[in-house]
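Pasting a structure here, questions to come.
Chain lettering (A, B, C, D, E and F) follows the sequence in which the chains are written, and residue indices restart at 1 in each chain.
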Amino acid sequence: MHPTFALPPSFLGGCAASPETAEFCIAGIPFDLGVTNRSGARDGPHAVRRASRMLADGANPVGWVDPQVLSVADLGDFTLALGDIAASLEQIERQATGCRHLLAIGGDHTVTLALLRALTKRIGPVGLIHFDAHSDTWPDNFGQPLAHGSPFFHALEEGLVDPRRMVQVGIRSPMPKAVHDWTVSRGVTIITAEEAHIQGPAAVAERILTVIGEHQAYLSFDIDAIDPGQAPGTGTPEIGGLFTWQVMAILQRLKTVRFAGMDVVEVAPAYDVSEITALAAATILWQYLTLQARS
Amino acid sequence: MHPTFALPPSFLGGCAASPETAEFCIAGIPFDLGVTNRSGARDGPHAVRRASRMLADGANPVGWVDPQVLSVADLGDFTLALGDIAASLEQIERQATGCRHLLAIGGDHTVTLALLRALTKRIGPVGLIHFDAHSDTWPDNFGQPLAHGSPFFHALEEGLVDPRRMVQVGIRSPMPKAVHDWTVSRGVTIITAEEAHIQGPAAVAERILTVIGEHQAYLSFDIDAIDPGQAPGTGTPEIGGLFTWQVMAILQRLKTVRFAGMDVVEVAPAYDVSEITALAAATILWQYLTLQARS
Amino acid sequence: MHPTFALPPSFLGGCAASPETAEFCIAGIPFDLGVTNRSGARDGPHAVRRASRMLADGANPVGWVDPQVLSVADLGDFTLALGDIAASLEQIERQATGCRHLLAIGGDHTVTLALLRALTKRIGPVGLIHFDAHSDTWPDNFGQPLAHGSPFFHALEEGLVDPRRMVQVGIRSPMPKAVHDWTVSRGVTIITAEEAHIQGPAAVAERILTVIGEHQAYLSFDIDAIDPGQAPGTGTPEIGGLFTWQVMAILQRLKTVRFAGMDVVEVAPAYDVSEITALAAATILWQYLTLQARS
Amino acid sequence: MHPTFALPPSFLGGCAASPETAEFCIAGIPFDLGVTNRSGARDGPHAVRRASRMLADGANPVGWVDPQVLSVADLGDFTLALGDIAASLEQIERQATGCRHLLAIGGDHTVTLALLRALTKRIGPVGLIHFDAHSDTWPDNFGQPLAHGSPFFHALEEGLVDPRRMVQVGIRSPMPKAVHDWTVSRGVTIITAEEAHIQGPAAVAERILTVIGEHQAYLSFDIDAIDPGQAPGTGTPEIGGLFTWQVMAILQRLKTVRFAGMDVVEVAPAYDVSEITALAAATILWQYLTLQARS
Amino acid sequence: MHPTFALPPSFLGGCAASPETAEFCIAGIPFDLGVTNRSGARDGPHAVRRASRMLADGANPVGWVDPQVLSVADLGDFTLALGDIAASLEQIERQATGCRHLLAIGGDHTVTLALLRALTKRIGPVGLIHFDAHSDTWPDNFGQPLAHGSPFFHALEEGLVDPRRMVQVGIRSPMPKAVHDWTVSRGVTIITAEEAHIQGPAAVAERILTVIGEHQAYLSFDIDAIDPGQAPGTGTPEIGGLFTWQVMAILQRLKTVRFAGMDVVEVAPAYDVSEITALAAATILWQYLTLQARS
Amino acid sequence: MHPTFALPPSFLGGCAASPETAEFCIAGIPFDLGVTNRSGARDGPHAVRRASRMLADGANPVGWVDPQVLSVADLGDFTLALGDIAASLEQIERQATGCRHLLAIGGDHTVTLALLRALTKRIGPVGLIHFDAHSDTWPDNFGQPLAHGSPFFHALEEGLVDPRRMVQVGIRSPMPKAVHDWTVSRGVTIITAEEAHIQGPAAVAERILTVIGEHQAYLSFDIDAIDPGQAPGTGTPEIGGLFTWQVMAILQRLKTVRFAGMDVVEVAPAYDVSEITALAAATILWQYLTLQARS
């Protein structure tokens, strides 16, 4: 058995099931054309896989299951159209369509739009659990509609997500009041970072479960939901963020959610420190797999 | 409209009101001759302005005002006397005197003495809300009276601050008992970092409001009040510090304070990580402007 | 008096008592052959001593004693057998045997086994307060029994530690269920990181005091007990860790414990940021000395 | 007079001539959508301006002129179309058209195509002195024709550059033989990095002068022409590069060239070290201005 | 086709020939138990593979062959015995024995001893081209015979290398005169770093060719042969080293050498900057493959 | 014997001769109040001592003497007056006066003025070998006469140095022509960095020897003489600098110089990379001691 530092460079050093038969697929999406501030999320998939080696040596102590019992295929990275946002989103959507249950590693948040399009074509509108510092419901970003601040504007407009089954956690960035009001008026539930700090993770998990209920749900985790002190490796950090212990305490309480897919996005390794941001992202993926293994 | 990464290098990429008519002035003070440990705070103004670009794209979600509605002039950096503490303090005081309502970006904490001298010449003794890991009431620092551990010793001795209207938040460093006792005996209120953690931000804000009351007050924010995990870019870090979410939650509750000026000091970018310390400082300035815009 | 940045490179810039007569000895152990992930803990002793200069300027505000009143000798670093784990442990044990009350700076966690062997030869089995992200009770690590994940398996097997007087704080890593069950079945008390976050430091301290009681106890502090955001400079980080304010709040409440020795291990400076991890380790040593000075 | 660390954030802390009347304009182009490897060149303009403060304190000792005697306007950054390569190139071209003599700070190398289009519309085909590790004459980059490896393919195809007056210096990257052969067959002169090392800067300068002759020429300087040890802050480093002393020795020997404009591109500050890459870029701009001031 | 930043994490993003039939095998050896200064070479294989993506896009302009035409298998990393030098060397030797023509990525220099044992068992004593700052002919390192300063002492003692066919390039570290004299007395040719700088790469290549002649030869490249400015990511840097352009100019002139295998060792990524050291190592591997493809 | 990573934190891990009887003294001078750009040279002494551990394991291969045969005392750091340039210079001068033959580790270049005052009081005016990117003969720096750009203006004015026996190597920064002309008019010999590159180290050494002749000489080595790629850890870097191999090749050729003292200054560790700058400084000190041991 390899020590963790010598594991192969796939997720958890394994995930070698055949894509055709695997229950779960993992794919990297090295796309960062939609970022509005610091670029570099294209290197996220590599860094998150590398950091995941830390998690390959045992079961999750919450529930005592080892996600490696699942049938998981690491597909490598999706192909993209260099320098072309629209064409890249089409390619992502096409590649995602073939996956039964996909865990995607971004890449910037723009990619979630393509992933939701692929998913909902198959199973219809989903609930959405969205961790982020930003609501990402801007109609455009400095004139560009297909950018990382807009995926959920389009997802809501296109009917990919049921707004009454959509909850945002960790929101705290500056934003135009009109964007906020539009989001709330659609029926989206917003739990700000300060609310999460004051109410505690158990209460937040309860609120999420109430919003989602029995519906199929998608988890979209922007790593900047987490505080920059624990996740500096990202493009648009905002102070006052969630702590990783809170995130993990929330996620492990979502045992009853019927998840249909997930992504973790916006890891920009050039700004990371000793891979702590990538490790946070990897641990979130691993916790998601744990939830699947327990259910 | 410029995306955030392409904003001009003034605070928030703007603040171009005329200094003569502006309600608020922002000035950098690239001074670090008074530091007793790691130097480098002279580069703070540049880094804080650069980090502020992240905040230029919308309103503060707490209160839904955008500080950019205010009339603010970014004056650039004050001139200083290279290598000469006393002469630099005189130059700082002289330049600050002309500003109606000044927000200063340090530089080390020594500069606050000059800023308080300029301010109180105009409006008399002020209340003081002082965030810091250190009480900064040493009579001297290793023999040097005008250094970054002494501004409030002199401010109290010179009658610039009303000690019964002075509250310190985040204090936790090693210090001689005599320095502590002197400070308390003058009537200063100290809220240690541990107390802030255990009592929570709402209670801390309440205590601050009780101390300050109706008096005009000055905010002096040493970035090392914040924990080194969230603000490593500083010269004299101490573990166990405040979290940024707590700082923001406290500040936004100070709506009724009649502020007369503020500074944020001790950002040393050479020790920062992906500009998270500079972003914390910029966000504190932005929150202060928000409070002004709301009142 | 030297400013902190110019202190001599021993712990606190001092600790110059004679080893023969000193009540307390400090020794570095630059050993990292037992690490299973990122190496580099061999540079821990140097970095922790360097960071300790920040703490040399005053008393601990908790209790208002200055640990520098104690009679402490900084012995420098222990000699080791390059590239040979077993021989190094023997050398560590031999050198530790001569110390009345030893504070050791690691080095990786393997060294604690040698330190406990030396200590218990003199005073018999001890209670153990063990801060860590990992239980370190694996029977072996990827085939190697004498590695940094196994010191407490051997310590328990060899009867060096009384398992009913052993408490682990901060545990959260992936681990085989069998390792966990073996640990608990021996009678060890485990306080997970999530429990510590939810219960708060006063409650955690109470639980520790209940476990330890009147017995002599050893403190073994793996720096990865602390969250990677505050202590990135380590080899096997795990997200969701303790915060330094909690650690300090717990330690200062252990006033009644009869400590017989301590170590702080796993600081890997190559992964640190602006020496914040080393400062955390130094402050833990300093807090431990404070407890001794108060008793 | 400000010490260098306190200079305003424009090039050399000055360059405040009016754009309408200035002889020379400096503009940043924060564009990095065309990069094929590590992104981040969008932050180049800010970093290069910041680093230029080092050069504001005296004359160039080669020739003893101070470029600050020239009439230069720093225009700030050009506006761009977020996420859209073609639209951005159009905006760049339009903004560049108004400048009499432009010095541009990239941004990735794609931007040079737009700059040459703007320039040659005014003065016709130019000679080209092109420093780079890569020939940048690929017809497309992974399917994208408008990317940073292709500007000179298009410039040659569009007749913007006279291939017999075009010389490339520092070339050394892997490349398809067909791309190389196409370039040479057009008449372009290539001086590889190894040739530059062996022949020395005086000989290289001589060869450049022979190629360019009396023609108007443009200087396009990709910072990756310089060795990664001296210019790590870039997206596609290649070992074995030119040394900065050679670059400066070559440039200062180009006194007789009739320059019509220049750019320095591909500085990616997230990969830089203590701003040495940005300083190299700033010094190249400063040397170019010196040449203008001497002529 | 993937852009370079999205290549799979094997060498050059490919090398997928079957190990049984491949002409060349690449293997990582994540071993660093033999280092005497900074540890971390265990992470070398991962970093070198990652950096190699930069080289996957074209032919080597020296000779215009693309090493990807060769039949190469990337075997992943060799297994090792955690914490046990002797057992690890045995495992390395055993795994290397099965490879027809092996290119190994260290790991520290100790591993070369095992690799030479495996190779010479098959083909008898070899000539040796050894790039290094250190002669690595110490009989032991601080008491440990199997460490990274000793592989060639043992290789010579065991008759694995023909000392008259052995040449060292780049030597410059402090060393006991006795070690130097022993090495020279065996017949080894030493070319110091200063000699290489003064004589130039063509002359150095000539001297190497003279020493090696027609014999089968092994290339062992310690990355610290290169100057710390270009290769900071290593454990025992020495100033005054070779430049990468010189290294490449030497290697490409070794066309007539009959190589039987090679390694590049001592890349310690924790000390690297923007992966420039890893890129140097990857380019050396790539140049070696180019030599094979040309012959 | 300690491996290099575990050496005590004095120069070379030793230098424990008694200051009273030692032939050579080493002292750190943690002073950086005179810097005009990036601060941080106060941490130089610590970093240089730490880096020197690399050099403690053998003889200098140039001449095969081990400087550790000399009688050397490492005095630790000189005391200073915090925040007060003039008083600090007096303290430095006083402490230096007692040393027979002093090797000083800066600190910024201002300190050399004090060191020369102390030295020449004892032995009269000296020759000066001055490595630097800057001539440091400004009459003042932004109004401050006692700053790091002025020591040699004062040294010449005060008659501490014989200008006809003074040679500067590596000069290349921007500077006012008047400063240059004043320096040359006094009789100082200037060898620019470009001249050093083109003429080679043997010729440079010859020119130095010609200038110095039989006179007693002082070596003042500003680390920014070296190129920023090899010595990024400094406050006022300039591209195009000397290479470390050249510096070493020059110094070792100064065997006949009658040295009376030396300093190495301007190492600012916060800007260093993997301690390569500190290592360069330590190696220069070690080479100087080697010259003493050979004579």
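To be clear about the criterion, a residue touches a chain if its C-beta (ideal position, glycine included) is under 8 Å from a C-beta of that chain, and two chains touch if they have at least 3 such contacts.
Because the structure is predicted, anything quoted here is derived from the model rather than measured.
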For chain C and chain E, chains touching each: A, F
Interface with more contacting C-beta pairs, comparing E-F to A-E: E-F
Fraction-based call for chain E against chain D, same above half, different below: different
Remotest chain, chain D as reference, centres from CA atoms: C
Chain separated most widely from chain F, comparing mean CA positions: A
Euclidean distance of C-alpha centroids - chain A vs chain D, Å: 39
Mean-CA-position distance for chain C and chain B (Å): 36
Touching two or more other chains - residue numbers and ranges from chain A: 2-3, 5, 36, 38, 42-43, 82, 141-143, 227, 229-230, 271, 273
Every chain pair meeting the contact rule: A-B, A-C, A-D, A-E, B-C, B-D, B-F, C-E, C-F, D-E, D-F, E-F
Parts of chain D lying in touch with chain B, wherever the complex brings them together: 2-3, 5-6, 8-9, 28, 30, 42-43, 45-46, 49-50, 76-77, 79-80, 82
Chain F residues touching chain B - in the complex, by the definition given at the top: 32-34, 36, 38-40, 42-43, 81-85, 141-144, 146-147, 270-271
Residue numbers on chain A that touch chain B, as the complex places them: 36-38, 141-143, 171-177, 179-180, 192-194, 197-198, 227-230, 232-233, 236-241, 271-273
Residue ranges of chain F touching chain E (in the complex, touch as defined): 1-5, 53-61, 64, 66, 200, 227, 229-231, 243-245, 247-249, 273-274, 276, 279-280, 283, 286
